[in-house]
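Take a look at the structures below.
Paired with subunit B in one complex and with subunit C in the other, subunit A is shared by the two complexes that follow.
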Partner chain A sequence: MSLKDILTPFTAWSKVVKEPVTIKDPLNREAAPRYRGFHDNDIDTCIGCGTCEAICENEAIDLVPVDGIETKDGDSGLRPKIDYGRCCWCALCVDICTTNSLRLTNAYKWVDTDPDNFRFVPGVDEKDWYKREEGWRKPEPNYEFYGLKRVEMGELHPEEREDSFVEMIKGYSKEQAEAEADRCVECGICTATCPAHMGIPEYIKAIRNDDLEEGLRILYDTNPLPEICGRICTHKCETVCTIGHKGDPLSIRWLKRYIADQNPSEKYKKILETDILKKNGKKVAIIGSGPAGLSAAHYLVLLGYEVEIFEKLEKAGGMMRYGIPEYRLPYDQIDKDVNYILSLGVKIHYNVTVGKDITLKKLGEDFDAVFAGTGLHLGRSTRIEGTDHENVYQSIELLRKITQGEEIYVPEKIVVIGGGNVAMDITRSLARLQNQKYGKVQVIATSLETEEKMPADREEVIEAREEKAIVNPGWSPQRIEIVDGKIKGLHVVQCLSLFDETGNFNPQCNMENKNFFEADMIVESIGQGMDVSYISEDIKEHLELGPRGRFRVNDYFQTSLPWLFMGGDTIQGPDVIHGIANGHKAALGIDKFLIGE
Partner chain B sequence: MINKFLGFEPDKDKLPSLTAKIGDDIDLSSHKYQKIWLGPNHPGVTGNMAVELWVQGNTVVKAKTHVGYLHRGFEKLIERRLFVQGFPTSIRMCVAEPDTNEYLIATCTEQLSGYDKAVPEMAKWLRMLSLEMARLQGLLRGVPGQGGTFALGLGVQWGVYLRDLILDRFEELTGARVYHMYIIPGGVRGLLPDGFKERMEDNLRDIDDFIIRIRKLMFHNSVFKKRAKGLARITPDMVDKYGIVGTNARGCGVKRDVRKDHPYLHYDQLDFDPPTDTDGDIYARTWVRWQELIQTVDLIRQIMAKMPEKGDIKAEMPNVLHWKIPKGETYVRLESGRGEYGMYYVTDGSAKPRRVNLRGPSYTHAIALLEDMLVGADVADVHAIMVSLQTCPPEIER
Partner chain C sequence: MKDLIEKLTEDFKISDVVYQRPDLAFVTVPKGVAISLVTELRDFEGFSHFVMMSCVDWIEEGKFQLLYLLHNPKTKTDVGVKTFIDRENAEMASAHHLWKQVWTYQRELKEAFGIDFPGSPRVDENFVVEGWTEMPHMRRDFNTKEYSQNTYFPRPGRETNDPAEYMRKKLYPNEPITAKKQDNDK
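Let's look at the complex of A and B:
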């Protein structure tokens, strides 16, 4: 111990003359720009998917209904409510937010006497920190909690498929399917939107767990045509998929197909436990073996009914078989789904036209109830000048003939009028046939709608172009030029808009901007109508009509004649999944009608 | 009395009693001894922990550590959460250096899932930066804090101010001052903000100045020397016996540092040598920590100079909501300010960990070692001894 040790500490006194370092106004200190303070939520961007609720390790977040926000497709109508008694401000909710609507501002002071105020709905309950721009947002770059990129689906190259009707989508392998299933956040927005309300997050989970038998059971709970839907469903689920807000939506359709593909048909009865079905002694007749009819038949037979289907054509499947080309939906896959339903004891009478071979009245007398899923099989015409020519065809008619293996007229130059999926189907089918016949393609598909507004699925348009068909939208057909009894082509003018201010269909054209598409044959594909000739007049007078010329049905698809139920494209849609959903609901309705609650 | 009246005399030998054994040596009824409870709520106790002391006059004759005052079952809470949800809970296991917990839990999950190779370079440097910043803020409190236990409060004020500046930098980088929640499985949660390095350098210059001042204030101080020298001496033969690690071991000349012995992250690319001393008393331990303060400042400068300018901050990993890790077990360790700090982690193929076990140095330092070391000490020195071992109760009772 020296004198130095006694004196040195006194050097600290030098600090006395220094300016104090303390913050003068600690109460108004601004937090750092990245500070994790109180929540804010952009409620217009938020879709109430609940992923924030799922990741919160403190269960501080609840999704609650909010006044003024309605439930709609792609929006649960709920918004997160945060409990600051539980929150630890980790901001995982922000990092995982699928729409980037949730954030933490850098506000950190909040004094209140009422503890209940600390449970609030950010973005809805007024707080003065919402105007702050600074605070925690999802970190950048490449910081994701789930995959944004879709696992690419293998498909035939355009060269391989342009002259062949072999299925072009190859399907997922196990690794691919599991990787794709991993991207799901299990929000259930898809389930709410799907017309059949399929348990989508549940069957995707079954894929992750590699329990495909469980997956099949979940599929059949709501959809007895998984092979078909797994290929050609209009996938409204994918349109609303939460992941789609920042990345690619999940390939829900292909995942469904993966489950169905991996389960062999001979095991279906064992997996679905349908070896022995109880009978209740009641009989139901079904008109048409399309998706609605097959779906109704499936659920009715499970409920114990004896079911007989009356089909006009030689094979079952309706529009799925006769309207969709084989390269999109191979016939053996239709057979797989149909045969399983038939194996449950459903009887089917082929080549029987109701209204001709047997009357609807007779069906009503012989059976306890009748379900009609007759579909839209009448093509609509543009009724422009020249459409009465023999080489002007309806797409639906041609597609049926191609399926039936009939020879059809395939000239070198074809024009297809229509911008929907059926138009793309016939365009691509004709392109294939031209390729087979001439080794080249000259099909032009034209529609009133512009490129952005074409009702066809985007990939259909892209793939049609890959197959060398020309898609040239935004033209209004005016007349078909016929010289010496032969079609020369189609005159069109530019279409500016389709609907007027009141929302009515009223196309406006620019008559100055003309175009001419050369053609030897014109195919019209602008929609289909229903054929109700099977309903005799005495029955028809008892049926009430609803909007758009459709028959009025109740929630269970029961018409004003109690024994007659209707569903499918004639009532809703048109698409397969609505048909399936209608058939299911109608089956429950028939059961309610015949057996009671 | 009533028992006697009733004719019932319980057999006390059969009743469990904490004092049953002590009674043989220390007879409190002799009035020669007195029992004192230090803590659990006492400003001198670092955290909620109690030391039960038996004293004779001013001298401690027996000591017993009691923990359990803040037990919140952190390990079990983590075992009931998804892998990505673990880190906000883990930081509570040692508030003094929260980043160490985040690093351990992230590295355990990465090793077992095979993503440890996928952690981007940038994220590794940022992890090192946050770990060294955590060490720095701990030392800014710990070094002058040792003086504080001998009633030298001035250094504590200086240190706490500078620590606050480091917390400002943490706030900028991580979004929080104390519970940073910065290191997550796969990477980190943010790049350096603009101007961070300049502001950090300003703070480091202030700390350089502080290092010189605190040396004059504490280490050339007759009172501190008189009280700290020779007190609570750890000898090299005690190191293995008690499982002493970190600065406590280095204070008696046993050079143990996980950063050197088992390098992790990019510590092998940094130039440093863990300081040591020979005496093993409180003065020596504090002196080692003071040197480590210099070293940590230097390490932060090295890291900021060597780290890349930009890059990815997180590896591409499975969806966190159903991330499953195959069956396996691992032990990950790092050098915290208190010594080797490790986590044993077991997974069973499910989406949640099977077992999480944190092994912190305070477990041995504050129980086995402290109880023995307090015997013979003066009551006034008890805090000083406890602080000199860098006790952090939350890591004892995870």
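Let's look at the complex of A and C:
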């Protein structure tokens, strides 16, 4: 080794007082227009679904809360934070982004002495490159990592179903279900919106893995009526589906039905491991076998309670059986869900009306707790002139009679007042009966709400029209014309708005714009009320009332009488899935009340 | 372009012709004739400029797809010659004798996909990654995420949130929870 070799390293010390060699680019060169540089994120469009984080091969993305962004239905409130020590600029995060909010700008130069500054939340932490339009965006259209179009569901053609109560939706095949499940990005944004908070991404994953037994177990964790919900759930989850931002939302409801349909009822107990259930020696009475009552019964029996249901009618299911037509929800599918719950040891007393055949007080004495899921079974009337005529009916009453096989009055011309799903149910049921009787349909459904604001599901309106019913919304009923004791029709005027400035129901009409719908029979379908005649006065005086005339309950659906719990349509909803969620939580509340934490 | 490809179709067993643009077409040929076709295009059809060479991993089919992209400076047209080779013990006849820069492309493909080009100069030398001991990193079964987890330490202070779990805590902390969440909480 020479002397030079020894001394040379020490020459580096001469640089110690020099300026650093890292300098700003003196030429200030622009990157190419599609160069992939630092991120930008439109935080108002972003929903914090986390698919960017999930796809990142370098674990460069975290999802973090951001001030001013609220967690709400359809938005987690989180936003991506990038670690540029790991980012490799591959832009997979941009290409998977379900809302197209994320992009890469073509900014690539940034000098900073603090490494922690190279972690930031794009779109939130201020950076001067956000104003650049250049950079990488997801090319549109047809550049997606998942299918934008949902797998079409087979259904009976209108001419095949217009005079029949046969189920119209055919259900997915294995190939169809797996293809549809494959569109899910597993973000879980939908779970919060589902009233029962079902494990939606988890059961969709089970379909993808062709593990339908696992799928069934996931369904029953939060929902003991999957055949029913798989057909008629209001599927609020689909309204927030991440894929729905740029394409069709996942068919979550049909996928749930697929799992339930594919698992035979005789294997349920084995799959769900409910062959043997321990008893805790306590008894709970349930009033009503609708979704809330059945759900409460299911979870209570799993917790070890002896459960007895008191049902006013001759079969179980409540509004699901007596309010929803068979073409939407076949009775054998209701039976499949109900029979499984009964097979767990739940007893049911049919044709027993609480308040008449047995008192609520007696139930309170004989049982450790009572859950009332009595539903909304009283039809509401418009109370316009002529509604006391014998051929003016309540939809709920007619739907019940159709289920019970009773012959109902079906004239040639019918008008239905109402724009909700129940109105569509009775309209379509009557259209079928008219078709069977006369070979033609002449039923008109009219509502205060305009087409855009009708509360009925859009598909219900479309299908009603396919079945030749007329849906003519935006009219306010004024009076029923009766001549010589016979109904001639309904006089209406144009409805301009439903609510006043303070949000109160106060319809405003254009009295000059009149219309007349000919009819031999009028059906009112403007909502239902609760029947609380089963609660005697001495009990009622101990029950506190909450908003909108409903009984006040706590988070566990416990009333101010500790042994009495209430849930379902009388408290929340009205819909099946709220009833199921209420029943589940009430079961946990009863357990907490009787056993403690 | 169409005339040219029709002329060559029979001799070179051309299939799957894609006319991408008036000045760009892709053809697929069997492995055994791919280099012959590239040579024919260079020596007799004016495609004297070698643009680039690349590979796609068709893991489901057990194949690699090689692409040779050639340019004809006179007609200003491009032809892409594609061929499939087995993924297992992947090997392809070398084209280094046609253009010198093919050396470098073949060296890159050896490193990134593990495809051997016997006789290609310096083909076994490192291209961009030094001391690489994992499987070739552009193969689709290379687990990039696992590699980055095992290789790079997480920056202190990083934390993230699962959207569904975060929404549960924010919006319905006391509601019954799903199977997955119960398992997680246990």
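We take it that the second predicted complex is superposed on the first by the 568 of 597 C-alpha atoms of A that agree within 3 Å, B and C clash if a C-alpha of one lies under 4 Å from a C-alpha of the other, contacts with A are read in each partner's own complex, and residues count from 1 in each chain.
Criterion: contacts are C-beta pairs under 8 Å (C-beta built on N, C-alpha and C of every residue); 3 or more make two chains touch, one makes a residue touch a chain.
Since we're looking at a predicted model, the values are computed, not measured.
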Just checking: does A:Pro139 make contact with subunit B only, subunit C only, both, or neither of them? Give me first, second, both or neither. first
Which of the two partners, first being subunit B and second being subunit C, lies in contact with A:Glu57: first, second, both, or neither? both
Between subunit B (first) and subunit C (second), which does A:Asp5 come into contact with in this model arrangement: first, second, both, or neither? first
If you stack the two complexes on chain A, which partner ends up touching A:Cys49: first (subunit B), second (subunit C), both, or neither? second
If we overlay the two complexes on their shared chain A, which of subunit B and subunit C does A:Tyr331 touch? Say first, second, both or neither. neither
Scan A:Arg86 for contacts with subunit B and subunit C and give back first, second, both or neither. second
Touching A:Phe593 in the superposition: subunit B (first), subunit C (second), both, neither? neither
Doubly contacted residues of subunit A, that is, touched by subunit B and again by subunit C: 57-58
In the complex, go through subunit C and note every residue touching subunit A. 144-145, 148-149, 152, 154-155, 157-168, 170-172, 174-182
Show me the residue ranges of subunit B that touch subunit A in the complex, using the header's touch definition. 81-82, 84-85, 87-89, 154, 161, 168, 171-176, 179, 181, 187, 189-191, 193, 213, 216-217, 220-222, 225-226, 312-314, 316, 318-322
Residues of subunit A touching subunit C in their complex? 48-50, 53, 57-59, 61-65, 71-72, 76-78, 83, 85-86, 116, 119, 187-189, 191-192, 196-199, 201-202, 217-218, 221-222, 555, 581, 584-585, 588
Subunit A to subunit B touching residues, read off their complex: 1, 4-6, 8-9, 11-12, 21-22, 31-36, 51, 54-55, 57-58, 88-92, 95-96, 104, 136, 139-147, 182-186, 205, 208
